[in-house]
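Next, two complexes with subunit A in common: one pairs it with subunit B, the other with subunit C.
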Partner chain A sequence: MKKYLPVMLLAGTVIIIQLLTLITGKGFLLTQLTMSTWYVIAALGLCMVMGYAGQISLGQAGFFAIGGYTTAVLSTIDFSARTGTSVFSFFDSLGLLLTRQTIYGDTVIYLSPWAALIAAILIAGLTAWGLGVPVLKLRGHYLGMATMGFGIIVNRIVVGTKIFGEADGISNVPPFKMFPGFEISGKVGFRVGNYYFAWLVVIIALILLINLINSRAGRALKALHGSEDAADAMGVNTARCKTAVFIIGAVLAAVAGFFMTHYNGGIGPSESSVIKSVRYVSIVAVGGMANIWGTLIMGMLLNFLSLRGVFGHFDDAVFGIILVLMMMFMPDGFIRKEVFYSIKTLFRGKK
Partner chain B sequence: MALNQILQYIFSGITVGSIYAFVAIGYNIIYNSTGIINFAQGEFVMLGGMIAYTFSNFMPLLPAIIAAILITAAIGGLIENVFIRRMRKTSVLGMIVITIGLSILIREFALSIWDEQIRALRFFTGNEISSVNILGARISPQVLWVLGVTLVLTAGLYFFLKFTLTGQAMRACSENPTAAKLCGIRTDRMVSLSFMVSAGIGALGGCVVSPLTQTHYAMGSDLAIKGFTVAILGGLGNPMSAVAAGILLGLIEAFSISILPMAYKDVISIIILLIVLVARPSGLFGSRSASALKDY
Partner chain C sequence: MLKIKNLEAGYDKLKVLKGISLHVNSGEIVTILGANGAGKSTLLNTIASLVKPTEGEVRFKGRNVQTARPDYMVTNGCALVPEGRQLFPAMTVRENLILGAYTLYGRRDKKIANEYLSEIYSMFPVLDARKSQLAGTLSGGEQQMVAIGRALMSGPDLLLMDEPSMGLAPIIVKTIFKAVLTLRARGKTILIVEQNARAVLEIADRGYVMETGMLVIEGDAGELLNNNDVKRAYLGRDYKEFTD
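Here is the complex of A and B:
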């Protein structure tokens, strides 16, 4: 039970923050907090790949975009013109077709986002598998460039293809009505609900990741990070381990992208840009690489400040500075035990 | 396709390929002396074009270009002295992360100096509309400048690395740094020099293509991955074969435009990168057994 104590503390903090915004009347902050939370889920996925398994990935934003664009495309197709086709009756028999009114009063028949969620997870997972099996054989610089190349491919396809909205992105994504009385959307009435739902997803992800890290597979990953050859010699199936963790990271990013797209009501090509991938890397680096709690805390902090516009014109530069300074002075990250101990001794004086 | 049309594609391919070759040569020189892939290599090209543009507003073209090359080389040396030298003992992961961080910083720095506008250096001879007729293909005289500079640079680099004492010392450092040190070569100076040379070469490339392809603050990351593709195609650590590989990739891209939409041009070269990385990491011209011994 001890390993879940931080998760409970986190849940408590989440509630306290919501109550604080309620008391101070700054409920609007919850919007950016919710968005940061979705970004943090993608960062947690990268933390597993980069921090725990030691495989650099500069294409995390590509998977985020795959999740987001899958639902943006699928849930904006209008099936009302396709009634009677076999595709229509197939989805209809599964109960996956919903109707909504456009602002002009027209009725649109669209695919349920539940189907899009499954599609997003499958597409991201299969892409990660197809990319990971050959590419994760590479190491170091080669792996970095290959994953960055994947991210750029996603970006170029999105920018250059009509169904992805080219440079404009897709903007009329309907809300995701998960169950009666609750939907994933940016409407003010659902702000508190969305905030708690995003944290619920984070907490589920955290519990799964904590279990993974403390399992046999998690120890294999740590061995892999230390030395791939040594792990191989100890009987760890390194190729399978790396691919598996890469798929987990990709699926987490895709899920984050999926919910973010419904929350924002749209997605644009900038979500797949190299700079977004680099942001995830800098969050993981500043959080202490193999440290999901560090990634969580720094990810929330940096994304929230960035979304609030605190960094102004220097939004991207801040992440660049973080990367450079962290690597020069604290290659083990900012959030780690030693830092807390040195802060402690600062106050108590040296023993 | 008519002959003159094919020629047109060939010339545009060679021009684009030359700029990739400039970036790839920069990668190779730094890789040889440090074992680092400098993700900020594309930023040097952007800096070269931007600085030369600014200077060309109040001085003739040649001194402006020379100033741009010298300033960019100084920035390259500064980066090595301030950041890379302290990082010698960190992991490859740390090296990748810091060079990416630097590339973002340079780009944001350029954004705050030169804003978001696309700029172009003026043409070396003639202007936008002047052209030379070669076998029915009409090409800009700037294309000839690009080809000429690429040729001169390649020959000059070959001469420098093969016959001058400094060039030989640089090669010795890449073969075996410890042995080079024992022979009395200041290896840390050679590393600084290699950063300066590769930044300067990048800046030169940025200047000669600026009239044709324009210069934009965010052009670096695209050039970085294309240049890397070329460096890998030619075999990492071999600056000479990078020129051949660069022109090859340029030609592939130029002809791909005639079949596929323009937007997918980058996708093709990155897919080539992925295939080469996985199937033949030693490159087209590199030795397989030699690359198996290298540590990436």
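Here is the complex of A and C:
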């Protein structure tokens, strides 16, 4: 049970922060906190790929966008014009068609986001597999270049394709009514619920990742990071390990993109930009690379500040600068044991 | 245990092994001597299936394994101590050793792995003392012990050792080779690739000499020690003394 202690502490902190916003009457902050949380899930996925397995990926935003755009496209198709077609009756027989009223009072029949969620996971996972099998044979910065190419391709496809809304993105994405009385949407009434739901997803992801890291597969990932040749010689199937962790990272990003799109009620091409991928990389770097807790803390902090507009016009520049400074002065990251020790000795004095 | 026939292998267009044939019997210590670039490491890597042969046959325990995957070889009892040790420097000694047991899993295997672990600790007590130290911070000799221990963790029958004496002080080399003898006494078969001919011929049963991808001399260890060509090439005696 000891390894779950930090998770329980985290849950406590989450509740305290919500109560603080309630007491101080600043409940609006929960919106940015919720959005940061979704970004953090994508960053956690990258932390596994980059920090633990040591595979540089500059295409994480591409997977986030795949998740977001999958649901944005699927759940904005109006099926009321398609009544009687075989596609309509197929989804209808599965109970996956829902109706809603638009703000103009028209009735729209749309595909259940549950179906879109499954589609988002499948498409992201299959893309990661298809991309990972050839690309993960590359090492070091060649791998970085290849994954960045993937990110650019996704970005250009999104910007240049009509069904993806081109440069405007897709708006009017319906809320995701998960169960009666709760929906993923930006409505004020669901703000607290969404905040807790986002953290619930983070905690589930954390528990799964902690178990993975401490398992036999996690050791294989660390070995892979240390020396791929030696890992091979120990009988680790390195190709399969790398592809598997790449798929896990991609699926986490896609899930985050999916919920973020329903929360915001839309998605734009900037979510798929390479700059966003660089953001994820700098968050993982500041967090200490192979450190899911560092990624979590720094990801929350930086995304929250960025979403609050603290960095102003220099938003993307700040993340770039952070990455450069980290690489120069603290290549091992900011959140790690040694830093805490030096802070401790600062207060206690040297022994 | 191991039988190789006309093995050819290389990297892309470069052919390194040009028709190697050798055999290792069960319970033997066999050594392959050779200078830098002779292809010794490539040969071991090919046996461990890390390098795919282009031609020829590798039979391990009577089975053709030239197209097997590396994890098949480890699972079936052939482990490699790679050249230059290749430890995982950011992991502790214990983690490095446990990683060697990667191909063992399940509850029963865990017990076996723990037995192997305590066997290795009793063979190299210094590793027990340093089990929670990062592997990258150990001395060269200790790192070699970890590398050997890590290979033993999969419970191999055949141990492939690539230059275990590389960069080590003579007294440490002695400790390592003593451990090799202990391993043979415990029923392991060992194939060692070495440049330190004198030290390895003292413990080996048989040996081969490799030159530019081919085996040129074969014989018992004692024979090789007294062979003039070997002496001249690898034992560092005066050239003239043996050619006269």
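Here are a few things to note about the model shown:
Note that the second predicted complex is superposed on the first by the 351 of 351 C-alpha atoms of A that agree within 3 Å, B and C clash if a C-alpha of one lies under 4 Å from a C-alpha of the other, contacts with A are read in each partner's own complex, and residues count from 1 in each chain.
Everything below uses one rule, namely that a contact is a pair of C-beta atoms (placed from the backbone, for glycine too) under 8 Å apart; a residue touches a chain by one contact, two chains touch by 3 or more.
Keep in mind that this is a model prediction, so the values were computed, not measured.
Legend: residue contacts after superposition of the two complexes on their common chain; A:3 is shown touching neither subunit B nor subunit C. More subunit A residues lie in contact with B than with the other chain of the pair subunit B and subunit C. After overlaying the two complexes on the shared chain, residue contacts for A:235 are found with subunit C alone; subunit B is out of touch. In the superposition on chain A, A:275 contacts subunit B only, with no contact to subunit C. In the superposition on chain A, contact of A:313 is made with subunit B only, not with subunit C.
Touch criterion met: A:134 reaches subunit B, while subunit C stays clear of it. Once the two complexes are overlaid on the shared chain, A:159 sits against subunit B while remaining clear of subunit C.
Using the contact criterion defined above for the overlaid structures, shared-chain residue A:100 touches neither subunit B nor subunit C, since it reaches no partner.
Under the contact criterion defined above, no residue of subunit A touches both subunit B in one complex and subunit C in the other.
Residues 216, 219-220, 222-223, 225-227, 229-237 of subunit A are the ones touching subunit C in the complex. Residues 36-37, 39, 83, 86-87, 90-98, 100-105, 107-109, 112, 221-222, 225, 228, 232, 261-264, 266-267, 270-271, 273-274, 277-278, 281, 295-296 of subunit B are the ones touching subunit A in the complex. Taken in their complex, subunit C has these residues touching subunit A: 48, 50, 69-71, 73-75, 79-80, 82, 86-91, 95, 98-100, 102-103, 105, 150, 154. Interface residues of subunit A facing subunit B in the complex, by the touch rule stated above, are 50, 54, 56, 58, 134-135, 137-142, 144-146, 148-150, 152-153, 156-157, 159-161, 274-275, 278, 281-282, 285, 313-314, 316-317, 319-324, 326-328, 331.
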